[in-house]
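Heads up, the next two complexes both have chain A, just with different partners, chain B and then chain C.
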Partner chain A sequence: MTGAPSPAIASRGGAQRPVWWLILPALVLLVCFLVLPYVSIVVMSFREASTRAVYGDGFTLEHYTTVIADPFIWGIVWRTLRTGLIVTVVTLLLGYPVAYHLARTRSRWASVLYIFVISPLLVGLVVRTFAWLIILSNGGVANNALKWAGLIDRPIQLLNTPLGVTIGLIHVFLPFVILPLLGNLQAINPEVAMAGRSLGASRLQTFLRVTLPLSMPGIQAGSILVFVLSISAYVTPAMLGGSQGRTMAVLVVQYLVDSFRWPAGAALAIFMAAITLSVIAVYLRLTARAMRRLP
Partner chain B sequence: MPSRRQFLAAMAAASATLPFAGRLRAQTPFVIPTYGGTWAKFWEETLVPGFTAATGTAAQIDVGLGKDFVSKIRAGGDASPYSVFMGNENIAATLRAEGFFEPLDMSKIPNAAGLYDGLLNANNSGLRAIVSPIGLAYRTDMVQTPPKAWTDLWDNPEFAGRIGLYQIGNTGAQLFLRMTGKLFGSGDTDMDTAFAKVKELLPFTQASWSGEVAASLMRGDVAIAPVDWTEILMLQDKGAPVEIVVPTEGVLSYEQSFNIVATGDRKDEAHAYINYLLDPQVQSNMADVFYTSPANREAVVSDALKPRLPIQGDAMSKIVRFEWDSYVDIAAEVADRWNREIG
Partner chain C sequence: MRKTLWDYVYTAILVLIYVFLMSPILLVVLMSFSGGEFLALPMEGVSLRWFETLFANSRFYDAAAHSFRLALVSALVNGVIGTLAAIYVAHFASPRLANPLRVLMVGPLLVPEILTAIALLFFFFEIGIGNQYSVAIQVGHIVVTFPYVFLNVASALFNFDRSQEEAARSLGAGRWLTFRRITLPAIKPGLITGCLFAFVISFDIFNISLLLKSVGNNTLPLELFDYLRFNFDPTAAAVATVSIFITFVAVLIVDRTVGLRSLRF
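Our next item is the complex of A and B:
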């Protein structure tokens, strides 16, 4: 049928036109509370340092050149990335079976398990981390249990180490990998796996060649979320890490809040954000290649 | 495309909020910055009501750390959210160097006449109204030979590996570092000697604040640490096996510096507040609640507290103080060096 649209169609088309002002509040919020502060931080990072004013009069690249040429900073960057990587891998390994079970189970206890999964999020982060502080201390539950089991004679240092930070972060971020995975696994039709079994594949083969590849979007989303949250976490490394477990977020806060070095701290923050973005870009490229083969 | 009417409506809605902004500015409350926990409780329940009753000025508190107040004053530019600043003297020195403070008008703070020596800065550029001396605290059940001097930290082998100190972001670390330079080097700014000697104490636990080092003592993670009387007497009240001594070389001290913020708009009230803080009765009350040493000579320490609070009255002269205004120039360098050399 050709010719002018009927009045009904024209009216419907009019109703579907984007209503620009509906996005205005979100746009204002984004510009005011994300873009403008970011611009402000970028500008601050090029300011000259001063001990007689918040920052000097001129602009400089010095903060960036200092950071880039400093092996001490690179050491903390590496520790931060390594911690983020370990936390991401361990939460994936721990979270996948839980998400898989939750997605497939028909048990009436499923909702209880679901509550268990999200329970860490129901308690404040400082409170949870404080609990770990008590558990990981020299006279804490962890050391006492190891002593009781005869594995150690004297307390081992768990607090104020990268290991302590890693343990704390795994606990904090486990739900963040389970929840995206759960949504993804629930969306996979179980009959696809059953088809694999009916064609002679073992359980393991079916999982490795059917379910796991199909759950890649969930793995990607969960792992990026946990990785980004881990490397930018402040409270847990600050409380459990001490100087040995210090991460970039802690160092940035130290520059900004403890030493009042706003320009240098801003440069450090931008530097870390650039590294994080680079790592995620590489990861996205690698995982996108794996997902391209998905139906 | 938006219609002209929609655009005008949006602009009108936005501009309608502008008069409120002006009105809010005109009604700026007198904001008192203070710390959290028991501090905030005392301020809310006792100090602010008392201040309002004494001066007729309504006030509200803002809870945070001295460093947070610095950030807010800096970010406020020429319109600080506070007219009065409270924070450790070394932190206050940063804002002072940046020109955010103005000298106190001493005619508006008559109670300052009772201040102990050393608590009023030169040129009236701030005063310290809350004093929490720092001594050597130790676990009585973990230490056989109680410490007598700061140098015992180096000389007594039973303390090795069981010492608690502070991260450099805490005033306690800076005080300890300068004291180390004074004890072993050419003076409190002899950082080379100070760092060399502090390195001799490694490994030691580093805490972010005095409450954390007190908790480490409680858990038995450390056996000895420089801690303020406030924390230790509170632990003793809970039955913890801890004791604190006055080292022979003198004590260090967390001293809350009070300053008038040049970019604040309630300076008269700020002066009145500082004057109220220095009131002998208020100082006595704070000694009872926080175990702080009264800054005012006129304040009376109760007989029950006297034996537990050795740094008061004439003994206030045992506080070892350092000059912070020039330290500002090396503070960032010292913090950076600590991170690299101490960890």
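Our next item is the complex of A and C:
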């Protein structure tokens, strides 16, 4: 079809009944139960605590000043960010070869491999984390294997440590970095890399100078996704972390569910979101510079 | 091309990563058939006794039924409103409006689930419904799984040639008939994939359920989480295996009917 609509269609378009009701149910759902709640959580974080209602009447900055002044909370913030950073870097290093291979392969096993990547995503978080509980516990698979190999005499503590949480999160979020990368790498024309090769570049040079820069958008999307997911994760740190591996999300839920400090919990949640957003903003600036030379 | 040493190293690395990806899940399934009392390797024989324990336990059965209901309602509701929204955004919205709408529609995926759960918890208490019924948790599940239907239907519409609709209309078919006979068959793969993923994700999500559940009504992931706080035996592995099985049946349906590659995240 050509660009300009035919006169018949254009004239009928004018007589069409309005169709905005199509979007109405979804709009009501998302405005009422996504946008409004996010607004109300911000409002609540400025309210005084109350023993009788969800929150009191007065306006206060107290919850924010308490959060910012508390070295204990900062300790957990740093640990959460460090864990998120390690998880992001490692998943990227593990996910890139897989995505690269899946994007290029003509093997008849490709769809099986694709299912291998997808299926962990579809098995619940609790189930996947439970698997790591079995592997990492003191009498667990990892310790038994190390003992059997003669590398250790006594079980090493993996559960209830930040290391255990990091390992669990890497496994849980690996598919989230593979999928965006895969979409990106599939869109790159393989002939571009072949051109590089035919002009005399080695495989490594071609990869570093051609493929890697072209896949920057996929790297960016995947790493932001994994970073956000891993610093806001609750299930995995709660199950594998104990008190040593506690993260921001675990702390917020403790405020809300265990001690019912709702306005303080709201302030903590917003503080967490603000930190996440600022890290992403910095990251976007840095990667934008790297991507500026892309076509 | 001739295989170099590097090709073998690369293949070995890939195999290791796939093993890392899959083995924990296979381990859980393996453990549920354990004959011994402990979750450890090597296993002490093989038995189905943990599944017997599981099916005799009404807590897990009730939780599974609750999860199933939540997931089914989420898939059906989103199947309707997600499809309508996708048709509007893909075909009718003005270009200026389409982008902000698209961002709003995938919004639940862009914000951390735990924050959404917290925000919804406060909100439901503020409007006076609280968590005394299953309303809060059901709404939470619908909101979080909405983007899966929207994205999959929208991407099916993206590849759909609208001149077919116009042909039908010009031949005298009404709006409804055109939708049923032309548009619906074209978006069916996206719709099936989207609904099944909404179902699977709803069946598995934890944070929303943790904060919004009504008292005494655990979902299956919550029940498993609670169980693991005080117990550590192959019954938990049996629960996990059953839930993995349900997921894989859903994935198999997608793969057989429309193919997994059509999946959109």
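Rule of thumb we're sticking to: the second predicted complex is superposed on the first by the 266 of 295 C-alpha atoms of A that agree within 3 Å, B and C clash if a C-alpha of one lies under 4 Å from a C-alpha of the other, contacts with A are read in each partner's own complex, and residues count from 1 in each chain.
Methods note: contacts are C-beta pairs under 8 Å (C-beta built on N, C-alpha and C of every residue); 3 or more make two chains touch, one makes a residue touch a chain.
What you see is a predicted model; the values in this text were computed from it and never measured.
With both complexes brought onto chain A, simultaneous placement of chain B and chain C is prevented by a clash. In the superposed model, A:Val257 makes contact with both chain B and chain C.
Once chain A of one complex is fitted onto chain A of the other, the partner contacts of A:Gly139 extend to both chain B and chain C. In the superposition on chain A, contact of A:Thr287 is made with neither chain B nor chain C.
In the superposition on chain A, A:Trp20 makes contact with both chain B and chain C. Put chain B and chain C next to each other and count what each touches on chain A; the higher total goes to C.
When the two structures are aligned on the shared chain, A:His171 is found in touch with chain C, with no touch to chain B. By the touch criterion stated above, A:Thr66 is placed in contact with neither chain B nor chain C.
In the superposition on chain A, A:Pro37 makes contact with chain C only, not with chain B. When the two structures are aligned on the shared chain, A:Gly242 is found in touch with chain B, with no touch to chain C.
The superposed model puts chain B in the path of chain C at one of 1-9, 19-27, 127-135 or 199-207, which is 127-135. Residues common to the contacts of chain A with chain B and with chain C across the two structures: 20, 54, 133-134, 137, 139-140, 239, 256-257, 262.
On chain C, the positions that touch chain A within their shared complex are 6, 10, 13-14, 17-18, 20-22, 24-25, 27-28, 31, 38-41, 80-82, 84-85, 87-89, 92-93, 101, 104-105, 107-108, 111-116, 118-123, 125-126, 139-140, 142-143, 146, 150, 163, 166, 169-170, 200, 203-204, 206-207, 210-211, 220-221, 224-225, 228, 232, 236-237, 240, 243-244, 247-248, 250-251, 255, 260-261, 263, 265.
Residues 20-21, 24, 49, 51-54, 72, 133-134, 137-140, 159-160, 238-239, 242-244, 246, 251, 254, 256-262, 264 of chain A are the ones that touch chain B when the two sit in their complex.
Against chain C, the residues of chain A that register as touching in their complex are 1, 8-9, 12, 19-20, 22-23, 25-27, 29-30, 33-38, 40-41, 44, 54, 94, 97-98, 101, 111, 113-120, 122-128, 130-135, 137, 139-141, 144, 171, 174-175, 179, 203, 228-229, 232-235, 239, 249, 252-253, 256-257, 262, 265-266, 269, 272-273, 276. The touching residues of chain B, counted against chain A in their complex, run 1-2, 6, 10, 67-68, 70-71, 74, 94, 97-99, 167-169, 205-206, 208, 215-216, 219-221, 328-329, 331-332, 335-336, 339-340, 342-343.
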